[in-house]
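The structures considered in this document are given below.
After this come two complexes, each holding chain A, first together with chain B and then together with chain C.
And now, the complex of A and B:
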């Protein structure tokens, strides 16, 4: 039986490998099997056009860049252009000028238009990270198809809106 | 009932025309029946695979075309028929066009010997199992031809892997079936079913039969090139493997043949291990037509098992595949064969 000493049969690793292999395969199958049995409860598929009314996208969804305005039509954008610089593909253009500030009576840099080209945006999120005053956020809207690409160029600050008080301090 | 229908048609045909013509007409009718069954089964299996895959992954799967997506694969097939057949300029045209037919014809040939129910078997030769094993090796020629003639490196790598894999795993498939043949003493499929009237062979042969079944399932999955043995088409590495350059209907042939092969592997398992069309404990023995139902039910349970494998296990590397076959399955199989021989010799099988 000397020949057996070196043979693979003597090496118990061979059999424990088989045992471990079968065990891990069965563990894997039991996990997927559990998913299979619970597919109805756990299904994460959204039946989109039917549930359009109730559909709520998940928190971190990146639909488009928006600028929230409050009820007084005020936003938080100071026109600092940090987002414009941060954008790797030039999807943001800030048009600003110096206007008279009513309170202090001095001339001051103010935003005129925050232009966002959705058609060029890669949803990288760098502009939102760069904004020092959290003026822009991710919107949840994903129904962005339009019939002409000019509709993809948007002005984010609403007409007549102005800077929220206390943002600049 | 089915038997009497086929008999009546048979007699009617032979009374209508001379013998030679009648037998040719009869063969044509049988061929048409099998081709239709082939297409329907293929489409159904694709749909089943997609739905089951979805359920394993907590999705819903195709559910828009027709009631719960029943017509989805038919729509897909129509789309594929209407598509242009593209090809590469540098392809070896003759072999390139021939390859899909190799694959699909071998699948059809294998289908012909399966005993769906008592008398519903197109071709009951006395070397049934040998025939099946031989036929299943021809399919790989089609894959090799497809890979070679496409003149595409991905196709060639996929085809070569398929060759390696099929040749290795063929051994295990054949040996595990041989283990069972030791018990039946015949290669003819109808007689193998006959033997199982005393209990399905997986019960008769108890431990070695169960081991043989496990080996058969592993090797059979490898034979059909399905995940976890889908190196042949490994989407992440090879594009689509051997059928990268195929489009339209020719692609559909490969696709259908793949699913039919899965069905065939499952049917062989049903026939050899689980009593083919025999009902459990003979509960519906008086209604022979239900044999088809039992046969398909058992087959689809095994098909489901193969789908379960597919959506559970990651793909193996080529060296792992060969290690599994040559270092594990083959030695176990040989030992198992001897054990089975001893059991049959000592009469230790379980008979009802």
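And now, the complex of A and C:
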């Protein structure tokens, strides 16, 4: 009769395995089932292109480097090139020359073009940290796909813009 | 008529197959050259270099502030901890004492990074062994941490938040509130992880006894992180060489002795609990103070050699800087955890099946840019 006892014992192990297996599967399914029934609660999926109007990025979000201009088309960039030196990968190029300053009558270093290559930028933030006059800051725009790479090279200072008064002091 | 003789003496032959570089289970551009006999693995040879960007060479070109953001791109899931490693190395070399606030914030953010990395790992591990649900559940919880990071650092993956001397800017006013919310939320979710995957009978059959690594082998292969600790090798840098505010907190090093795939899995689950406890100990009393100490605009390290190690989500990351006293490093070397952990893949997977290799790869938790650099 020994063979019978053995096989029964083995069978018991076999059945308890099946029982344990089904139990563990049902435990897992009860969790997914709970979420399935409460699908409105705690759903974090965003319907992205539809929610564009309401989608607001965090204020510190690093989308792209921008140079804010005020209503008189004036910016705060003195052309000191600190951002160009801080940038690890040459995404910023400053083209400057000496222009006649009307007030003092002397020739002064002035920015001609602040060129920003968005395609090369790694969003490290070192340029913005380096700028002594807070002339550049982060923009929240993240929809940067374009049809040609050349559109990613931007001139940040607007045409005809001037240095804001009182920045250099 | 001649009888047709059927040759029944099938001789199995070893053959050779590529896994990767675009295989989803390799989690990146890793190419494995498998020598297999039927389904049985005879040899695994990793072929590296598909995402090599010569980060170490670039570190010789860039200033010390600029090096930091390159380390984001090594083990991108532990980017904050990588940043911290470089910053600590530079600060040690300059003998710069950072404010207490910086130390505490760095530790909290490091542990959040570890949880974020482990939740992602948990999701993809489940997916690798055939449970798709875990992927979404893991990403759901990681999303909360990413939001904390996005609000404070501005980025979700490549933070570059640590700078030599402190933090780039102070933590966001919402940081403490959000972190507490996350800790409360995640404490209810971790038991779900166990019920969904850990106790699942199919998962246990796929992982128990698979890819066993002994303690001796773990030490001789230089395994670190959860891979080493699952084999009973106490190698947590946070315990043995505490940095930042880690000497102020109490936590248990997660150690198991089985050394198999399931043990590596359990170690990471345990680590998430420990990270939660570290965050809880620190979050209520972040000291007031500055978020950085001023450094020179051009940082010049004194002449000499400097080494700093930290515990990333994958193991021990070492930063080794040789300086000749100029504004650039003479040589920078990273000891990355993924590289050493990959080296033992052949050792533990010979003799198992291809399906087991996927499970082993999942719990080694390799990040390929960390290996190639």
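Note that in this section the second predicted complex is superposed on the first by the 123 of 169 C-alpha atoms of A that agree within 3 Å, B and C clash if a C-alpha of one lies under 4 Å from a C-alpha of the other, contacts with A are read in each partner's own complex, and residues count from 1 in each chain.
Convention: a residue touches a chain if its C-beta (ideal position, glycine included) is under 8 Å from a C-beta of that chain, and two chains touch if they have at least 3 such contacts.
Here the structure is a predicted model, which is why all the values come from computation and not from measurement.
When the shared chain is aligned, chain B comes close enough to touch A:36, but chain C does not. Between chain B and chain C, C contacts the larger number of chain A residues. By the touch criterion stated above, A:167 is placed in contact with neither chain B nor chain C.
Of the two partner chains, chain C is the only one that A:88 touches; chain B does not reach it. Of the two partner chains placed around the shared chain by superposition, neither chain B nor chain C is touched by A:120.
In the superposed model, A:44 lies in contact with both chain B and chain C. When the two structures are aligned on the shared chain, A:25 is found in touch with chain B and with chain C.
When the two complexes are overlaid on their common chain A, residue A:138 makes contact with chain C while staying clear of chain B. When the two complexes are superposed on chain A, the residues of chain A that touch both chain B and chain C are 25, 28, 31-32, 44. For chain A in complex with chain C, the residues that touch the partner chain are 20-21, 24-25, 27-28, 30-32, 44, 57-58, 60-62, 86, 88, 122-126, 129-130, 138. By the touch rule above, chain A contacts chain B in their complex via residues 8, 17-18, 25, 28-29, 31-33, 35-36, 38-39, 42-45, 47.
Contacts from chain C toward chain A in the complex involve residues 62, 65-66, 69-70, 133, 140, 143, 147, 150-155, 158, 160, 163, 168-169, 172, 192, 195-197, 199-202, 297. Of all residues in chain B, those touching chain A in their complex are 52, 54-60, 308-309, 311-313, 327-328, 332.
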